[in-house]
Amino acid sequence: MYIEIINEEFDPWQKLVDYKKSQLKDRKNIGACSVFLGTMRDINSGEEIKSMELQHYPEMTESYLEKIADNATKKYKIIDTIILHRVGLVSPSDPIVLVATWSEHREDAFEATREIMEALKSEAPFWKKESTDKGFRWVEPQTETSEDINEA
Amino acid sequence: MYIEIINEEFDPWQKLVDYKKSQLKDRKNIGACSVFLGTMRDINSGEEIKSMELQHYPEMTESYLEKIADNATKKYKIIDTIILHRVGLVSPSDPIVLVATWSEHREDAFEATREIMEALKSEAPFWKKESTDKGFRWVEPQTETSEDINEA
Amino acid sequence: MIIVVKYFASISDAVGKTSEQIVLQHEMTVGEVWSDVSKNIKYTGKVMTAVNHEYVDDKHLLKNEDEVAFFPPVTGG
Amino acid sequence: MIIVVKYFASISDAVGKTSEQIVLQHEMTVGEVWSDVSKNIKYTGKVMTAVNHEYVDDKHLLKNEDEVAFFPPVTGG
């Protein structure tokens, strides 16, 4: 398992490939890898976002992400998992979060990556402050559904 | 949309990064990318697999994968999707299939990638012939559940 | 009426060929063609059937120059 | 009994600080501490509470040297 909080722009795919090469090279039982990458959009709730500050609770974040990864590992048959999360000043298109899980069968990887993302979204101590033409605003948590309604 | 049937070993992450850079560079509304990578395991149904031949129905495969991608794009709010699938002689740890979808919100990407993989597994005209110490054998389709039972 | 029949994977092994041309003396369904071509082979598993690269069921009626494919359940991915 | 209280995001903005030390004269729950510290602020949203980096509910009883954090619903990912 590998968790990292990253304070500058990063290449999520390079990180993934490097981790796979260094830590999982000899795991020939891996049959499935499910990856989720979250990136910053330039529009939110109908307004153009120029940049965003990602704050977090440094003493809690990493241990909480470990707990989320642990829970998924216990529930599904997971060989390994990584969670990378950006903090600091973020620009549109920048990677924010990468979750990857490896398993023998696809079902476990799919479910684990999904559950890690849902838990991260609702529980991990990160907050987004967006910068728009009208100034700064804290992002409100929204379900996918309510976001869709806002945009309709 | 991009579909490719690949007859030699390939680097799925490099392909993904290249596609993103060349085709989706300016899509700043992308908030989510869900990726599934299937790789060859060295053990199946309790036996060591030395290599595997992946056959397909060349005239049908690509158009059928396009249809699967189309269906997902119609059902979910997808910005783009790629499907790469290996054919020919495959060794343990080799990438077999990569599916990636990009969307604004994570729900759409997660669901679309999952559905594309399930449709590909049950409908796309590929067949696996494994080489073990005892000779060759055609792989039988199995649900994830029955695979787990076989291995228990 | 002439059709092309293709066989894949274990069905190709059982039939002993990968494709053949067949002349039909009268209109036939793909199910009837499968009954004919599989008469003397040992394959007992499920059969999937495509005509011109689209899945069809047993009752699908064949036309001149159709490409019919018989194959076992797929195992890609 | 002394505790450290941390504030994050919009709650930190409303309170006007990111952390403070508070001396408790008697045993208190985190809910009671929140009532005290939020008396004169304009924040009306939901509050999440962690003690020593674990989520707790309002009735959680504080111990000496606990680190209490008050923050709005999280928006990472």
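Going by the order they are written in, the chains are A, B, C and D; count residues from 1 in each one.
Here, a residue touches a chain if its C-beta (ideal position, glycine included) is under 8 Å from a C-beta of that chain, and two chains touch if they have at least 3 such contacts.
Since we're looking at a predicted model, the values are computed, not measured.
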If we look at subunit B and subunit D, which chains touch each of them?
A
Centre to centre, using CA atoms, which chain is the farthest one from subunit A?
C
When centres are defined as mean Cα positions, the distance from subunit A to subunit B in whole Å is 23
Taking the mean of the CA coordinates per chain, how far is subunit A from subunit C in Å?
48
How many angstrom between the C-alpha centroids of subunit D and subunit C?
71
If you average the CA atoms of subunit B and of subunit C, how many Å lie between those two points?
26
Note the residues in subunit C that touch 2 or more other chains, in rising order.
77
So subunit A residues touching two or more other chains come to 38, 106, 117
Chain pairs satisfying touch are A-B, A-D, B-C
What does subunit A use to touch subunit B in their complex?
13, 16-17, 28-43, 92-93, 104-107, 109-110, 114, 117, 144, 147-148
Parts of subunit B lying in touch with subunit C, wherever the complex brings them together:
38, 54-57, 59-60, 63-64, 85, 96-97, 117, 120-129, 138-141
In the complex with subunit B, residue positions of subunit C that touch it
6, 8-10, 13, 50, 53, 55, 67, 69, 71-77
